[in-house]
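Following this line, the structures themselves.
Shared between the two complexes below is subunit A, which has subunit B as its partner in the first and subunit C in the second.
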Partner chain A sequence: MPDSILVIGGGPAGLEAARAIASIGGKAILVERRDVLGGTPDESNYAALTPRMGSAQDALDVLRAGVVDPAIDVRVSTTLTASSGSLGDFAVTLSGPAGETTEHVGSIIVATGFQHFDPGRETQMYGYYEHADVITLPDAEKMLKEHHFVRPSNGEIPRNVAFIQCVGSRDRRLGNEYCSKVCCGVASKEAIEIRRMLPDTKVYIFYIDMRMYGFWENEIYWPAQEEHNVTYIRGIVTEIVGKDGRLLMKGEDTTMGRPLEVLMDVIVLSVGMEPSRGTRDVAGILGIDQNKYGFIALPGEPMDVVSTSVPGIFVAGAAAGPKDLEDTVGMAGAAAAHAVGAIRGSLRAGAGVG
Partner chain B sequence: MSRDLPILKVDQIHELEHAVVDGVDISGHWNRMFSDRSTTALPTEAMDWITSLDGGESMRDCYQCGKCVPVCPVQHVGDYGPRKLNAKVVRGNDLIDDPDLWLCTTCGNCYRVCPKEVNPLRIMPAIREQAVLQGKVPDELSDVFRNLQKSGNPMGESPRKRIDWIAEAGVDVPIISQIGRPVDVLWYVSDYTSYHPRGKDAARAMARVMTALGIDFAILGPEERSDGDSARLAGESGLFELLAEQNIKAFQKYEFKQLVVMDPHAFNAFKNQYPRLGWEGEVLHYTQFLAPFVDKIEFQSSVDLDVTYHDPCYLGRNNGEYDAPRKLLEAIPGVRLAEMPHTKANGYCCGGGGGGMWLDGFVAEHVSERLSERRVREAVATVGMDGSGVLSVACPYEPSRFEDAVKSTGNDGRLVVRDIIELIDQAMQPPAA
Partner chain C sequence: MPIPLTVLEDRREARDERGPTTPPTEDVREKVFELEAKGEWLVHRVPEPWIGVTTKYGRTKKIPVARTWHHKSCGQCGHIPGYSTSIFWLIRKLGLDYNDPKDQTSCTAWNYYASATSNQGAQAAVAMRNFGAAYESGYFPMIHCGTSYGHYKEVREELVHSAKLRDEVRRICDKLGKPFVMPEEIVHYSEWVYAMRGEFAKKQVLDLSNIDVTVHPACHYHKLVVEDAIYDPDVYGGQRTAVVSAVVTALGANVKDYSTWFDCCGFGFRHILVQRDFTRSFATLRKIEVMQEEANPDVVLTHDTGCVTTLDQSQFAARAHNRKVGVPVMSEAQFAALAMGAHPYRVAQLHWHNTEYRPLLEKMGIDWKERWREFEDDLERLKLDNKAYMTWEDADA
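And then the complex of A and B:
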């Protein structure tokens, strides 16, 4: 019986799952599509992590160091192209720089993550592909990482910056009915970073509901408002039009019940999460169920948050739905325990049968 | 020494919504002193009742994001806003006695942007229907309902007069009951195109254009009745069904290949509502019908005009046709087409839809400016000022609405209003000597 576990995806969930497998005496093959490890936080240039503002790269380095282990076979620039077999013996075809190889593994962890919502799909008129100064949360991250937050159209320091929440989330018309969980916190974090970097710049966050669960309330939301003078306005924006070289945003101030038309220099769209291309592809190859949004389905919820519809295949991180990093690495540990346990013959009764 | 001072008992102060002192009414929403300051009850019956109505279900779904408000044409001119309707209902207002019930034009722009798909195109008719049943309808609208019931058109004119416009068309306009043979096109002329002094110009232009193109067409003539769609959206679903029944009876009596209509509201009715009542067939708005013929139209003169186009809500946003009218306009020699800021899916409503055509007096009491006036200002800013600017339209409600608005906004001489068919007809005539 094969004793290795295939971990698909080298982002935070996959890195932590592989590390955890090795730490409890298992063996892992970790495959990553890109030629570097780190996943979306690396690929999308995350600057500082919510809520404690530590460097994203420093945090990823800790995770990367965790997979430097003889029990972990790390293969970058490699993807899963085929799979057969079942719990205890899956034959998986991996395509990498040296061509295709087939490996036998006892169980599998899917950690293929999410992608940011493409704001070209939103139904409002935010004009992401039309106005250079309309950007997304990851676009802002990239500028913050370079310590150079400016108006992309002309390189000038913005006087007014607005964040618009729930872009691509909580929207029946788009088909993304779910809350993406992290955007309220990430926007508030970026707002703090902008205020620190540019003390003369005014920063506004336009929201429907601020969803700062747990400690993000006092660790991010309150400091943004109380210490960094970020202005929160309840009401969402419907339309952005160019006016005299700036951006006129039209919305409603719902607390006051009044229309709102204000000029901004940079508008950041707080884009939510959608299943990544890899998540969709891998779900198809492995034959595991996806929910109506394309994320990996979890038939054993709420008490089993890692077992997929196929026995022996588990999921960790945002491949199963919007997640922050705390939940992602926590889930990775649980997936590792389940995957090792499955090989050792202790598959939890009932798991995976929905 | 002590004096008797009046004792203020706070819990006995009665706060009034309305107050009349010495015969002077001093109440008003501006005066917080006389309004109920505290919400003391949050009854849920209004929401339960509205969502129990067929069509009212989505009223509950609002999560108060406010995206609807900036795109609502009525909010630009008053306190109304779709989000606020939900807030009112949540607080126990069933809208039956609220003027807001009649301000929505069912233009559909809020529905377009709503992440929860709250749909006033279904909600408003459902609640209005209940108001109709309770007899709580603004007088001017009741008069129109009565006219529609009695004579099949909102003006209350005789059905026989529906064809009076033909006399000045300059071409033969066959009436299907008289020619006794199948035709390719049954042309549904519509109410305002048949009866309204200004609307008739479009009917005559259409007759001439179709004749020049050699199209085999006929009209229903006195058998034609109002399509009923605006009555339906204004809450008179029974009346709508009665009118539909009469039209369907006429449609079924004759053989034709396509139904071509002048009025986007009729287009909406025939395409989306009549099938459930028993009639299904190919129906085209006249711009859709004529667009494939642009290369065959023999233009004889150039109009030399700056033209902007007003998307009718029930042709554009609510039925997705933006290209055909523009294709026609671009084909007319001498038309320089410019778009207004609110265009296509975000087109600004003229105020005539959903019964608004028949509620101008009522609505005027609750808004600062008519929607048609606001739209005319936008058109003037786009193509107006020197007199060569044209606001082109493709809905029979609009020539008279917008011409009134041109006058009332002081833009006489700066902007003219023309149906697209009138511009086509004009360019098909030889140049003026």
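And then the complex of A and C:
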């Protein structure tokens, strides 16, 4: 009976799940679609992590080092293409540089993560594909990583920068009726970084309501205002249009109850999370249920946050819904424990020990 | 410092087709067919051939090419008759079959949107009465008015979701002797113009490459039952409805952007009835003047009755106050007809428009003086022949 666990996805959740499996005496096959490990934080050029501003790459290096272990078979540029069997013996087909191979594993952890919302979709009137100076949180992150925050249209230093919150989140018309949890914190963190880098640049955050979970309130929200003079404005931005070479932001100031029209140089869209294509594809291949938003469903919530609708298949991280990194790695550990436990339980049952 | 000139191209290149697996709204058309399967009503199929266009959430909408039953607009026929004449002229110029019914009733939706009168049953009965009349004729309904179109789509949703309303309206249709029929699609004329724009371009006789156009998308087209409006990734990145703008581009003219494109034209239904000064101010100061300052267009094109009327006929008031107005306004159907050689007076009937349009005609290469002389000759001939109106033969169609 196979004793390995297939971990799908080499981002923070997958890396931590594989490391945890090995640390408690299990074996893992870790597959990653890209040719490097690190997942979305690496692919989307995360620079400083929220809230403590530690280096994202340093944090990923720690996670990558955790899977350098004889008990972990790391396969990059590899994807899952087929699966059959059940708890205790799944036959999985993996497609990689050397072609297709079939492996037998006792259980599976799905750690295929999320993707950033595409702000060009449907009801989004923000002109991401029309105005170069309308950017997203990851676009801003990339510039901050390079210590070069400018107007993409002309390379000039922006005088006014605005963040728009809840782009692709909490939007009933769009169908994404959930909060993506991290955007308020990340936007505030980026706002602080911009103010530090460009002291003459004014930075505004337009929000429905700020959702600063746990300690982020004191670690990010208040320092942004009190120490870095970031201006928070409660308002709904409906549209961005070009005007006189700048960006005219139109909407409503919901505190003052009046229309809002202000000129900005750079507008950062705080794009939320959606299930990644990998998450949707893998869910289909494995036959596991997805919730109405396409994330992996968790039928055992609230006390079981890692079991999917198929016995022996578990999920970790943002594949199951919006997560910050702390929750992601915590969930990965729980998924590892469940996956190892499921194999051992099935081995005992197979040996008649029950 | 290098300026990344390809930033937008790079973004579009990298764009993942990562839309949701299912659109956020139901496809009411599926429910329409389900109700037919249950024997609740008949579904009037879109006749072949039809053209598939893409709506907001990626669904395909069938637009009939021909055999269309023309649900005309009260305001178009009453205020801007060249609007509907141009639609018919375009159809005739392409040699397509159509039906111009004499027994269509008003949709009564203006009253409804102005909070003036009517009720749900009456509104739905008017819609179904007209759909029934179209079905009897064997021609597929095509709605000229944006308000009728938007309202009928709302009525369709109400009928689909309320068995009680269906029963009520079915009884009324029985009493009228009309079949109880829901069309497979509810089609606005501007969707047909959008679908046929390539055909117009083939028959175009004027070079419009020096004509700058601002487009006003009609609220009742793209803000009511939004998922049914046409969107195209090549038009404003798929973020605005593609009708009208795509037609302008197909005809070789230039679409110019302005910041208040999303705003109402000022008509506002209730405002035009009870606060007309507000309408006049909004139309001119919030729309026309902004267009002038930001885009300096040669013409404003739109695709609904109230919008053409309001944007055109409000400008005289602002001009009296020396505001920056004075841009001709017409429908994209009139513009396309002119591009294809339609007579500006016999067909497009621009003499009914309020704002000065003659410099535009000159820029388009139309000798309006000669055309006006011809039109005056027409009128003399009508008098001599003791005729009440011109015919399609007079209009070269």
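Brief remarks follow.
We adopt the following convention: the second predicted complex is superposed on the first by the 343 of 354 C-alpha atoms of A that agree within 3 Å, B and C clash if a C-alpha of one lies under 4 Å from a C-alpha of the other, contacts with A are read in each partner's own complex, and residues count from 1 in each chain.
By definition in this document, a residue touches a chain if its C-beta (ideal position, glycine included) is under 8 Å from a C-beta of that chain, and two chains touch if they have at least 3 such contacts.
Bear in mind the structure is a predicted one, so any value in this text is a computation, not a measurement.
Superposition of the two structures on subunit A shows subunit C clashing with subunit B.
In the overlay built on the shared chain, the residue A:129 is in contact with subunit C alone; subunit B does not reach it.
Once the two complexes are overlaid on the shared chain, A:201 sits clear of subunit B and of subunit C alike. By the document's definition of touching, neither partner reaches A:93: not subunit B, not subunit C. In the superposition on chain A, contact of A:248 is made with subunit C only, not with subunit B. In the superposition on chain A, contact of A:115 is made with subunit C only, not with subunit B. Taking subunit A as the reference, the larger set of touched residues comes from C, when subunit B and subunit C are compared.
Of the two partner chains placed by superposition, subunit B and subunit C are both touched by A:239. Legend: residue contacts after superposition of the two complexes on their common chain; A:174 is shown touching both subunit B and subunit C. Of the two partner chains, subunit C is the only one that A:152 touches; subunit B does not reach it. Within the superposed three-chain model, A:23 lies out of touch with both subunit B and subunit C [touch as defined at top]. 123-125, 172-174, 238-239, 241, 250 are the residues of subunit A that lie in the contact sets of both subunit B and subunit C, per the superposition on chain A. Residues 123-125, 166, 170-174, 208-209, 235-239, 241, 250-254, 257, 259-260 of subunit A are the ones that touch subunit B when the two sit in their complex.
For subunit A in complex with subunit C, the residues that touch the partner chain are 115, 118, 120-125, 127-132, 150, 152-155, 172-175, 238-239, 241-243, 248, 250, 274, 277, 280, 294. Across the interface of their complex, subunit A is touched by residues 1-4, 7-8, 11-12, 15-16, 18-24, 56-57, 226, 236-239, 257-259, 261-262, 294 of subunit C. On subunit B, the positions that touch subunit A within their shared complex are 63-71, 75-76, 79, 81, 83-84, 112-117, 341, 346.
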